[in-house]
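Have a look at these structures, which come just after this line.
Common to both upcoming complexes is chain A, partnered first by chain B, then by chain C.
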Partner chain A sequence: MTAETLHNIKLLAPEVCLTFFLCFLFVVDGLFPKTRTNKFSMITTVVACIAGILLTCKVGKTPEAYFGGLVVNDGFTKFFRYFFFFTAAVSSYVAFGSKEIETRSRMEFSLLLLCTTIGMSIMAAASNLLVLYMGIEMVSIISFVMAGFKRDNLKSNEASFKYLVFGGVASGFMIYGFSLMYGLTGSLNYPQMAAYLTAAQGNFGLVFWLALVLIYGGLAYKISAFPMHFWAPDVYEGAPTPIATFFSVGPKAAGFAALLRMLLTVFAVKTAEGNWQMINGISLTHVIAVISALTMVVGNLSAIGQTNVKRILAYSSIAHVGYMLMGLVTLDRSGLTAILFYLIAYCAMNLGAFWVVGVVANLRGREDLDAFRGLGWSMPVLGICMGIFIFSLTGIPMFSGFIGKFLIFGSIIKSGGYLWLVLLGVMNSVVSLYYYIKILKSMWLDRPESPESLKLSTYHAVGLVGLAIPTVVLGLYFTPILEFAERTLSNLL
Partner chain B sequence: MNHLMQFSSSLQGYLAVGAMLFSLGIFCVLTRKNAIGILLGIELILNAAAINFVAFSKFRTGLIDGQIVALFIMLIAAAEAAVALAVILRFYRLKQTIDADEASIMRN
Partner chain C sequence: MFPILSVMTYIPLLGMIVILALPRNNPNLVRWVAVVATALPLALGVYLYMHFDRTTASMQFVEQFDWIKPFNIQYYMGIDGLSIPMVLLTVLLSFLCIIASWGIENGVKGYYAMFLFLETGMMGVFCALDFFLFFLFWEIMLLPMYFLIGIWGGKEKVYAAIKFFLYTLFGSVLMLLVMVGMYYYSEPHTFNLLQLAQGHQFVGKTIALFGYSLPLDKLFWIGLFIGFAIKVPVWPFHTWLPWAHVEAPTAVSVILAGVLLKMGTYGILRMNYPILPEATLWASNFMMILGVINILYGAFCAMAQKDLKKLVAYSSVSHMGYVIVGMASFTTAGVNGAVLQMFNHGTSTAMLFLLVGIIYDRVHHRWIVKPDGSKGFGGIASVVPVYTGVMAIALFASLGLPGLSGFISEALVFLGAFSNPKFQTYVVIGSLGILLGAAYLLWMFMRVFLGPLNEEHKDLKDMNWRETFTLIPLCVLVIVLGVYPMPVLNLMGSTLAKLLTLFS
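Now for the complex of A and B:
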């Protein structure tokens, strides 16, 4: 093994570490059948994620491309590694407190979760079409299995089935788009593709645009942006709640990582001031603005009539993708920093909101608005935490969601154009208040038919408060995270 | 005849086959009600991409990377088919049918 190979493997240490833990769990699963049902696999997952986070801190201070340019290690990769490992650890914690993940399949869940996490972190690091494709499929194929985790439940099976069909077609479109892009640019590596596109000076022909549409189709499916958003409500509703919790944050952020990296390194070039500029002949900003507008309008309007809270949150997560895409329109530093900040805020508040739904679903066996009646009074901690998450999702001042929206809207206003988009965003936030507040109304204003004594277990209370605190704190004191996000972008390769 | 021979050993020939497979795949996915039929449509789309990669690798870049991608596509297609068949089997056990239109308990 040469020194270079060793160095490359060292840079990939967090993923290697997770793979090691994955293999370890496989062996333990075979040797000690008892671990299949107890909390051992959860503890191992959390330990693996913490080890991954520590290794990410330690490894590779300087941004560089390695393994012959297949993957890169820069601030962007690191940011998303922290993000994914944190999400995976929380999801594992959520799942082991839920009755929806049967005791007998706990080990399977941990194995699948770890594997998806490795896939997501490869997606964020990929700087090559093949590696990106492998990462995406690693996440997708395992997600199909995870969506159908409740084996004897018809809804769960249907979710898995729909996810599989739409996901298969979307990834087929994407790989066909990749093949056209490869034929056009003659390379799979992002920098070479960018070099070709820059040299072409806008003479691309129809094939380029076809490839772009197909690739967008695949990536939009992963982040559930318009027009590939329709699977999300069905899949989130059918999948077990802890898994929907994970889906709504992890793979979505991974899709964002892939989309951002591809857009910024292949189709745009860095300018001297540290902003980005679309390559000559590709001006996508209008298209992104329209897509973002449609995504948030569709998400918010479809959420209005829903009564199933999981479905409401699914549509709201589509709307949030719309808000995040707004940050891409200006392609400057402040907008992109705002997207990263929004992702962090979204991670805490959305994990929390889905978690509350999971707790209620365990309690009542259903998750429609009626199931939430009066729960604020019988379980105040749950009610208050849900209030914080919902206010933050709406974008009410003092909470992290507001700061996220403020930064995104502010970056557009600062750049001077697209005021209609900001207006639309604000209007959408107002519309979203209507369906979000229905959940809180059910929890706090409606009295339960009969007084009941319920108690939130410490296990859930600790986790929910743990997510509610950053949601509040980031709404008041956000400078360090913002600076962190800015540093992340400054050394994007 | 000579013309046809030339066409079939040129980049355009391969791309035409790829585009045809891709369109047939989409057609198959859109029209089939049977879940296995939809799965086959997806496989056709993946293979269209693989043909494109191999053709571009031979005629356009002269590098081996496109052919490696084709190998990986086969691998992914196999993995996806394995998972898909398992999901469809599960669906069949519960519903006694693999008609995709039957997957409709969740609607807006």
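Now for the complex of A and C:
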């Protein structure tokens, strides 16, 4: 083994570490059947994620490409590693407190979760179309299995199958797009592709645009953006709630990571001031603006009529993708920083909101608005936390969601154009209040039919409060996270 | 220096946290904690009143330090002659409302916690001098308000609460856009309201929308104005008001009408006027017309009401019209009258809502004329003389009887507006509102209190000590300021004089 290989493996340490824990769990599963049902695998997952986070802090201070340029280790990679490992740890914690994940399949769940996390991490680090495809498939295929985790439940099976069919088509699109792009540029590596596109000076021919549309199709499916968003509500509704919790944050952010990296390194070049500029002949800003507008409008309007809270949140998560895409329109530092900040805010508040739904689903066995009736009064901590998450999702000040929107809208206003998009964005957040508030109305304004004594277990209370605190704190003081996001961007290779 | 404004703002918040930690089974303890948490700001408010320098137009009791560096956002609190009457009104009404809410029986903890949170928001709005901070307080007020109306309100509370929330949020997102726009189009980028007001920064700049280039300052003005007009509420944005005011519990109606409505006009005077003076002049006719419409429309609607509380609610629409008219006149008398009217309407309408609440607690309806056409009340003056007396004071103050507070502010408003030759026609039309006001209020008084006694209510009890206690301070203010308005006029004189130099 040469020194270079060793160095490369060292840079991949967080993923290697997770893989090690994954293998370890496999072995333990075989040797000690008892660990299949107790909380051992959860603890191992959380430990693995913490180890991953620590290793991410340690290795590779300077941005560099390794393994022959297949993957890169830069601020961006690190940012998303932190993000994914945190999400995975929380999801694991959520799942083990839920009755929807049967005790006998706890070990399976942990194995699948760890495996997806590695896949997401690879997606964020990939600087090569094939590696990216590998990462995406790793996440997708395991997601199909996870969506169908309740094997004897019809809806869960339906969700899994829908996810599979939709995902299969989308990745078919994408790989076709990749191959066209390879044929055109002669390379799968991002920097070489960018070099070819720069040299072509806008003479790409139809095939380039076809490839672009196909690739977008695949990525839009991952982030559930218009027009590939249809799967999200059905899959979230059918999948066990803890898994929907994970889906709504983890794979979505991974899709964003891939999208951002590809857009910024293949189709755009860094300018001297640290902003980005589309390569000559590729002007996508109008297209992105329209996609973002359609995504948020479709998400918000579809959410209005829903009565199932999981579906409401699913559509709302589509709308949030629309808001985040707004940050891409200007392609400058402030917009991209805003996206990263938004992802962080979204992570805490959306995990929290889905978690509350999971708790209610456990309690009542269903998750429509009626199931929430009066729960604020019988479980105040749950009610207050849900209030914080919902208001944050709406974008009310004092909560992190507002700061996210403030930064996103700010970046567009700063650019001086696309005023219509900002107007549409703020109107959308007014519309979103209408359906978000229905959940709080059910929890607080409606009294329970009969007084019941319910208690939120400490296990859930700790976790929910743990997510509510950053949601409030980031709404009131966000300088450190903002600077962190800025550093992440300036480190993008 | 002692950060008195912050202390006044956050004592209620602290009170809220204490209340949330208290046990559920001792409502009286919760109530007393709330009393303390509002009495302290009231005491500090008295201190502010004593030590406020009336000769200067600059900010006083200033607290300023960096909060979010990358965006140059500051924690900047301070008051001038425009904010101090509102601050005093806020602390006074909050304290009285806590006492007036003694009768709330279910969800006591939640109710008082939300109420104290609301006071923090209101105080913050009137003290914040950084746009970002202002916006933060402006919006967090919505949360307790939604729950206060939605949980403790009347029959249609859910609809009223969501309507209030949606309307105000619609206004605030426009304000958010203007806020961000002002930040990026000012040089250097700032949220500081005083710095934004310097140098007419937004005049002559344009912004593109669908290929049209629009004048920036007028766009900003419209955005802000809609945001504030919804709160005032200016016709045609008023439709949330009758719902929210009628469905809210008594004390919340008092706060809504007494303080929250003033935030709209306060915001216009604090932002539109000094930051965008050119656009304000450009829009003055428009404001004047809206003001007159408000006066007349509110009055006519009030006259048609069969529900006592709805009548008072619509009378607020009419009375806030005077404020708009006074503001749009750009004369010393007019603007002073407008701010004084903001204060006076706060006290008189608070009395009216409290009084309506008292009778509702007794008989559980407030029909002047019942839906079936029979009389709701009638002749109760002979059964509840004290109540009738206080009602008469509130009512006459509200309709502008000389010797009571409403007269002075309304007279100033019309004097000021009439002395501006541009607006004389409007004033003539608008002053009809006084006549209409007298008509609907006196007609109500006649139908409810005078005439033969309705036998249903012959056992009506007069006000108890607690109810009397909440009304005495307001009564005193209404009478004293009617005879001698200088204590309030002195507070705001220099600030408003300086504001008006922008328009001469």
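Throughout what follows, the second predicted complex is superposed on the first by the 493 of 493 C-alpha atoms of A that agree within 3 Å, B and C clash if a C-alpha of one lies under 4 Å from a C-alpha of the other, contacts with A are read in each partner's own complex, and residues count from 1 in each chain.
Definition applied: contacts are C-beta pairs under 8 Å (C-beta built on N, C-alpha and C of every residue); 3 or more make two chains touch, one makes a residue touch a chain.
Quick caveat: nothing in here was measured; it's all calculated off a predicted structure.
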Which of chain B and chain C A:119 touches, first, second, both or neither: neither
Which superposed partner A:406 touches (first chain B, second chain C, both, neither): second
Touching partner for A:165 - first (chain B), second (chain C), both, neither: first
First, second, both or neither for A:397, with chain B first and chain C second: second
Which of chain B and chain C A:479 touches, first, second, both or neither: second
Partner chain(s) touched by A:148 [first = chain B, second = chain C, both, neither]: first
Chain B versus chain C as contact partner of A:182, first or second or both or neither: first
Partner chain(s) touched by A:414 [first = chain B, second = chain C, both, neither]: second
Shared contact residues on chain A - chain B and chain C: none
Residue numbers on chain B that touch chain A, as the complex places them: 15, 18, 22, 25, 29, 35, 38-39, 41-42, 45-46, 48-50, 52-53, 55-56, 60-61, 65-66, 68-69, 72-73, 76, 79-80, 83-84, 86-88, 90-91, 94-95, 100, 103-106, 108
Residues of chain C defined as touching chain A within the complex: 67-70, 107, 135-136, 138-140, 142-143, 146-147, 150-151, 157-158, 161-162, 165-166, 169-170, 173-174, 176-177, 180-181, 183-184, 207-210
Touching residues on chain A, where the partner in the complex is chain C: 377, 387, 391, 396-398, 402, 406, 409-410, 413-414, 416-417, 419-420, 422-423, 426-427, 429-430, 433-434, 437, 441, 444-445, 477-479, 482-483, 486
Residue numbers on chain A that touch chain B, as the complex places them: 129-130, 133-134, 137, 141, 144-145, 148, 151-152, 154-155, 157-162, 164-165, 168-169, 172-173, 175-176, 178-180, 182-183, 186-188, 233-234, 237-238, 302, 305
